[in-house]
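Before anything else, here is the set of structures, which you'll find just below.
What follows is subunit A paired twice: with subunit B in the first complex and subunit C in the second.
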Partner chain A sequence: MQSLGNKLIFAGPVGVGKTTAISALSEIPPVCTDVAATDETLARKATTTVAMDYGFMTLEDGSQIHLYGTPGQDRFDFMWEILTRGGLGLVLLVDATSSDPAADLERYLDAFGDFIRSAGAVIGITRSDLANQDVYSAIQQRLRQRDQPLPVFEIDARRPEEVRLLIEALLAVLATGE
Partner chain B sequence: MDLASDISALVKKIEARDGSAISESFRTGLTAVLQELVDGSEDLTGALLNSADGHAWAEVLPSGFDKRRFAAMSSALLALSDTTVREARKGQTTNVILEGSEGNIYLMHAGSNMSLTVFTGVKPNLGMTLAQTRRAAERVSSLAREMAAQLAG
Partner chain C sequence: MPSTVSISAIGLTHQENTVLGVAVNLLSAFEVAVHLLPAGDAGGHIAVVNSESDAGRHYVPAPFQKQLVLAEREGRGDNRQYLLKPIRVQALKDALLELIAAAAPAANDRPAAAKQARGTPLFYSLVDAIIEHRLVRLKGSGIQLMVHGPSRSLYAQAAVADLVTLIEGGGGVQADTLGEADFMQACRGAREVKLQDLLWTAARHGGVGELRPGHSLEQRVRLTLWPRFAPRDSKPEYLRLSAALTAQPMTLQQAADRCAAPLPLVLDFFNAALALGIVEVSAAPVAPPPAPKKPSGQRAGLLAMIARRLAFR
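The block that comes next holds the complex of A and B.
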């Protein structure tokens, strides 16, 4: 563990719950850069992250975790590259109510491909309770097809204990991978 | 809803009326403000107006500049500046100044939910350029107010 703490990055589509997850976990009021949405994002929510979210948490063993959230839209992909620098792992969130969650998964797995290869990743499926399809199985199947056996969890991004589970799983992946 | 102060709401209303992303006359008016700004300054080489969530609305840019990328980067820079200024309890962002070895970039709000970004050559007159840019930002706001009045009337 580095003394400066570990940096983890949250990624995924617009409205999946990245800002919510970081807000749920963070011990400090999160740094957010939400602005009014003017496009199709409005169908989901009034505001959207355009630069980054930042939060901070301490694990039971005393290790410190810095949490960075990325903007979801492709046009902010320059922030993805900036925010993943020096990061240890990726929390990729997928919305179960999306029209094609497995396609969303692939899009972000590809976009963050270099980072995932040099770091670790875990998948969190949000809004499973509202989905009318078995998204968990679809995601698992797609990961098998890609030969990327990443841990997958169904979570409620508003619940700290569920998001914490993702973080712990990611740290376990990182510990065994090293 | 105060359309004059909420330009994204204004644009939505224009879209609802015209069915296009942004009405051509409004866009033409915005572009004219930017063109006049760049033409009237010895230091400015380009200007870009974008929504706070990173969509380009009007631009006068040197060739090779991708307006979509700059619109996204401008909105991210300004949003992060707003958050930093607010958390440091320094009021509101007046402008953001980026100094490069080959020229500067200034960013500021233009009304609510829009930002104006300008690009300069080497060693520009900072005060003059910022004042000219601020006037253009105010003209953008008043164009938006006129548009809102037209829609209301």
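The block that comes next holds the complex of A and C.
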């Protein structure tokens, strides 16, 4: 077994609420930090730095859980898998006001596929208050088709109790598997 | 005591909003279960009101709501406290802490919703109607809810928030099964309400802990999807049951053991899942299912620490 991860990764398109969700949990206001992402398979460059949102929570034994928000831009797609190393679990946020939220979701489910299988994930649908489509049902239907029953909650990233519920569900998923 | 005390901001300046945000974050960091409602939501246990703004001057607090008034000079009033401008984080934090201590017990007293426990618990009638594919009018305790069993749809005149308050009042309902025409007639002017928006509140306030006819403790069940519930209706056991039962099929007794959940609670959870149509039932296995994977002690400890850090119940 790998060493215990101590990172929670927040992923999703630009504007979905990653920074807001991290700030709901973090003891510091989220900061933008450069993370070195090394990948030996990338011939063009051994090490690249990516700007990520960063925050943390301190646990009772003094250790920290690091909260990282992945950059949403497509040009960073190739880094996602690398950035999940040492990850405990994934918080996937989907914007209900997007033109095709279920397609957005699938793109992220596929991109983070290995990580989701080895760790675990939870899905938060944000901005439902601004959407006039039933995104929750569309997402659940897509998950049913994929036979991938991940937790899905509609949340407002600005409401910390809703963000906490998302993490609580993720912890329950992580506790069932290895 | 409510698990979380909510705070509404009424007419605050940009600067005051920022100060409030920091104060609330500080309180959260000190494990005070408090959260700031989004702008425009005035329904918090505590309202922080800028008395120098139009919105603040005309603000009428909800019953039981405590007010913290930001003002140029001192004032007086029942259920309200004053804080002199300019507002400082430390002073605001301390004032909030005082109000939270005062707000907590009162906030739990729901505005006296009709509390007659007549009829059947709503949860029972609701699940019944859906499982049996009936068209039903549920009525009582101030609630009127039309249940279209075959499509798992609900219709009501009242807003979801009001229905939630009424259901939390815990009253019972009478269930009348209607024909198609009467049902349509009774639904006039009603709006669709999502089943998941009421089901878990109903389970929390009227669970019966019974197995439905046709089901047994020996059958194996699996969830095809995760249910969803509002934070107020969430229970750690629901989350554990959802995670376990989506991961692999098992009997309800195994689920209870594995998730450290009392069997009646597991049965209510299962009944709700039946109503949502997210259950797959298979007959009892010949051989017992493989022992569920358990996370390592170290990992379980880490997950528990994170849960405690987030001040989960």
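List of remarks:
Here, the second predicted complex is superposed on the first by the 144 of 178 C-alpha atoms of A that agree within 3 Å, B and C clash if a C-alpha of one lies under 4 Å from a C-alpha of the other, contacts with A are read in each partner's own complex, and residues count from 1 in each chain.
Please note the rule applied: contacts are C-beta pairs under 8 Å (C-beta built on N, C-alpha and C of every residue); 3 or more make two chains touch, one makes a residue touch a chain.
This is a predicted model, so every value here is computed, not measured.
Measured by the number of subunit A residues touched, the leading partner among subunit B and subunit C is C.
When the two complexes are overlaid on their common chain A, residue A:Ile65 makes contact with subunit C while staying clear of subunit B. Of the two partner chains placed around the shared chain by superposition, subunit C is the only one that A:Tyr136 touches, whereas subunit B remains out of contact. When the shared chain is aligned, subunit C comes close enough to touch A:Leu165, but subunit B does not.
With both structures placed on the common chain, the touch criterion links A:Met79 to subunit B but leaves subunit C unconnected. By the touch criterion defined above, A:Cys32 lies against subunit B but remains apart from subunit C after alignment on the C-alpha atoms of chain A. After overlaying the two complexes on the shared chain, residue contacts for A:Ala111 are found with neither subunit B nor subunit C.
Common to the subunit B and subunit C interfaces on subunit A is no residue. Remark: subunit A residues 31-39, 41-42, 48, 50-52, 71, 73, 75-76, 78-79 touch subunit B in the complex. The residues of subunit A lying in touch with subunit C in their complex are 1, 4, 6, 25, 27, 57-61, 63, 65, 88, 136, 140, 143-144, 149-154, 156, 158-162, 164-165, 167-169, 171-178.
Those residues of subunit B lying in contact with subunit A across their complex are 6, 8, 11-12, 51-55, 68-69, 71-73, 75-77, 79-80, 82-83, 87, 113. By the touch criterion stated above, subunit C contacts subunit A in their complex at residues 4, 28-29, 35-38, 223-226, 228, 231, 234, 236, 239-240, 242-244, 246-247, 292-293, 295-296, 298-300, 302-303, 305-312.
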